Amino acid sequence: MAADTTQQAKADLREPAGWRRTKNRIATALMVLSLVVVIIPLGFVLFTVIAKGASIISWHFLTSDIPPFVLPASYGGIGPAVLGTLLITALATVIAVPLGILGAIYLNEYGGKGLLGRFIGFMSDVMTGVPSIIMGLFIFSIWVLHFGYSGLAGAFALGCLMLPVVIRSTYEMLRLVPNALREGAYALGASKARVTMTVVLPAALGGIVSGALLAVARAAGETAPLLFTILGGLSAANLNMFSGANIALPLEIFSNASQPYPGAQDRGWGAALTLITIAFILMIAARIVTARFSRYSR
Amino acid sequence: MTAAAPADQPLRAESAGALSAKRPLGDRSFQIIALAAGLLVLVILVLIAATTTDQATSWFTKEGFSGIFSKTWDINTSHFGALSFIYGTAVTALIALILSVPVSLGIALLLTEVVPRRWARPIVYVVDLLAVVPSVVWGLWGVLVFAPWLMGIYTSIGNFLNGVPVLGNLFGPPAQGTVQGTSFFTAGIILAFMITPIITSLSREVIATVPTVDREGAYALGATRLEMIRGVVLPHSQGGIVGAVLLGLGRATGETIAVALVIGSSAQITSHLFAPGYNMPAVIANQFSEASGLQRSALMGIGVLLFILTIIINIIARGVVGRSARRGRGT
Amino acid sequence: MEEPELTVTDLPRPASPVQPPTRHLDGPLGETIFDVRNVSIWYGAFKAVTDVSMAIHENEITAFIGSSGSGKTTVLRSFNRMNDLIAGARVEGEMDYRGQPLYASDVSPAAVRRRIGMVFQKPNPFPKSIYDNVAYGPRINGERNKGKLDEIVERSLRRAALWDEVKNRLKTSGLSLSGGQAQRLCIARTIAVEPDVVLMDEPASALDPIATGAIEELMRELKSRYTIVIVTHNMQQATRVSDRTAFFSVLTGGDNDTRTGLLVEYGSTEQIFQDPTDPRTQAYVTGRMG
């Protein structure tokens, strides 16, 4: 009898038999496969961009004017586009980030729970899903038709894109600040504005900056909003943000991508590598800020 | 210790006076500014709708409602119908979802159920890298590298399935012309790459709200991981996952630049997925700069349609996500 | 007539009988700081506290004791208008501070709170330096002069018995202090604005016994300069530090099974603990379960 029960006990401890176990294994394999299926093209893209772009990138390339498409890669560079991206994105940041922070302050500190507050929060999230090309068409209709193409118009379009993203990420950071801090400040006789600006914002600053950096990274890579606002097609840099067409890296890549000339395509790869590098730097900066300065995280 | 109390006492007794003070001006203006910033979101959305519709009126008045359902897109005859682009948007989005959803779910489940905590972080970073690649870089790689490579595959499949009913109509060569690397299907694949990070990360968040006790309950009954996932995780998170998928759909609908480069830029309605096509955002991106007059107005009109479509999808998506989040929290 | 039920949710059960207080209230009554007449406090439709009447006197330590939910903290927070921060909070009845109605329509809560400070149950130092924590109050009141601020910070930290421990690290974060130190920092922060009254909501409940002793010692020192009202769950603490004690209890019943707080008895600490008038007070202070 004893031998039988040990035999039985051993049998019970084995994994579920046959088909069930196989199904489980297949499922696990499929899950791993999905990860692989996604990593491979990502790897390919990055590899191609780095391989094709690295050979063309140089200080000369990053600072020279844009030559006609026909010319081979050794001529000229993408200087104006780099400058354009830096200036236009910076302008968009200056416009959108303060407004986004203020909007999030309204949602979290003032109006959040009421009907209007919840509606604004909801529509802000919906707005993050509006295609970026629509922002371009919008600014085209309301600004470019009256004032012409300019870096400023591009900044407006990018700003519209960044605004709801900054609102959402800032709102999440403000929410994490413990209420006890606010109460302590109120108890000392501070007004709501003061409590918000001198206690809540500083406490949430790390997370807010990090979220803003990610929004900037996204905006820097956007092409569609720039298509009808800065126009492109320049060969030399236009430092005047307020008048005249301009050029930026994404737009430059876009025009080069559809060219048959190898020179133009090479410049496209170089510009792509530059753009990805900028986006990566911003992303890493965001992670560093989160790690070192974010006091309250989920 | 510093000087004793008496010096402060008179101050205290008087201090009861002047309790009343008007709310400081700074406090009030701050609230107004913050409110204005919040309202800006609504103002912008309304302005977008208003200005783009206004620009599209000449197209709306000429073509009327039937403009939306017309297949013709002809500069010479000045007839602009949106149907082929709506078709293209639907097809590419559908392909993107079919390809992306199983993969995204697979990754999400992998990260929450299979992979040990320590490895989850770096894998999440890698998946997020997908999101950091700008659309135009996907497009550049797509048109210069991926599409030519796919051309070979499409040709083989196309030849193999030529004449086969149903499958031949989908994957065989079209009646006129050949299969192309830049086609509906390629656009769908690239879109799938781009929407996977969103669906994955949102699904992960939703799946993470499944209570551990429920998981443990299933395991305690001797369930395998797959059985636990099917019995506990999926039923619990299906609402949120639907929301995540809808958000991915919204993104696939609006994604412009990558699609503009790899879709083939040919306004046609065909069942052949390996044929070149067009969709709403792509035609705007490619043709707007050189367009004028009625064509420009038509493109604006397509923009209006796109705006309405994405707003609706996003409202539904956010509503679903919000409802499932509330249910998950038990409210 | 219905006897309101005494619901004893978590009466502390003292291991030994409560020590009789050793202070007597001699001499003339100080000025009335708070004059509370028939005050009821509502959160929306929920009546949290009903019909409280009492007077708080200058330079005394008044303790609010009673079981959970009896409204002690609600009444305390109404003294400095902190309940305003809760949506739907409403005060009925009259509450005067030094003869002035606290809830008059033209009264500014910020002005009230500069005169009536509060220390919370869980220490809540700002994520700023120790110096900036203490200087916060004076700064928002307009003090910009570095020399004056230095002086205020040192004086407040001395009065809070924290100076010697932190004088060499005023620039380090307030969050780096231990629980007891952090609470003394919060006290220093509160008295830096030279308030008239200091309210304390269970100031030592989150602290270990040694830190608690330090806080209680501090309270006795501060009494000469400020009026103090403290909410405490700890009856021995009440007997150790307070001159007057108010005993609150919970009124259950009504159709919604609601719990409303009410003031049962208020008197000198000696009288409350040694010779309470109301049987409910008697039951509470002797630890008998009702």
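We just call them A, B and C in the order they show up, numbering each chain from 1.
Here is the rule we use: contacts are C-beta pairs under 8 Å (C-beta built on N, C-alpha and C of every residue); 3 or more make two chains touch, one makes a residue touch a chain.
As the structure is a computational prediction, the values presented were derived from the model and not from experiment.
Report back the single chain whose CA centre is most distant from the CA centre of chain B.
Greatest centre separation from chain B goes to chain C.
Return the chain label for which the distance between chain Cα mean and whole-protein Cα mean is smallest.
Looking at where each chain's C-alpha mean falls, the closest to the middle is A.
Cα centroid separation between chain A and chain B, in whole Å?
Taking the mean C-alpha position of each chain, the two centres sit 14 Å apart.
Where the centres are mean C-alpha positions, what is the separation of chain B from chain C, in Å?
54
Please work out the Cα centroid separation of chain A and chain C, and write it as a whole number of Å.
Those two chain centres are 49 Å apart.
Specify, in ascending order, the residues of chain B that touch 2 or more different other chains.
Only 23-24 qualify.
Return the residues of chain C touching two or more other chains; collapse runs of consecutive numbers into ranges.
As it turns out, chain C has residues touching two or more other chains at 110-112.
Give me the residues of chain A that touch two or more other chains.
Residues 191, 194.
Enumerate the contact residues on chain B facing chain A in the complex.
Against chain A, chain B makes touches at 23-24, 26-27, 30-31, 33-42, 44-45, 47-48, 51-52, 54-55, 102-107, 109-110, 114, 123, 126-127, 129-130, 132-141, 143-146, 193, 196, 222, 224-227, 229, 247, 250-251, 253-257, 260-261, 281, 284-285, 288-289, 300, 303, 306-307, 310-311, 313-315, 317-318, 322.
Under the definition above, what is the set of chain A residues touching chain B in their complex?
Residue list for chain A touching chain B: 16, 20-21, 23-24, 27-28, 30-35, 37-39, 41-42, 44-46, 48-49, 99-100, 102-103, 105-107, 109-111, 117, 119-120, 122-135, 137-138, 141-142, 160, 163-164, 167, 191-194, 196-197, 217, 220-224, 227-228, 231, 250, 253-254, 256-258, 265, 268-269, 272, 275-276, 279-280, 283.
Applying the document's contact rule, which stretches of chain A touch chain C when the two form their complex?
Going by the criterion above, the answer is residues 113, 178, 180-181, 183-191, 194, 198-199, 202-203, 295.
For the complex, which residues does chain C have touching chain A?
Result: residues 80, 82, 85, 87, 110-114, 117-118, 120, 122, 124-128, 136-137, 140-141, 186, 189-190, 193 of chain C touch chain A.
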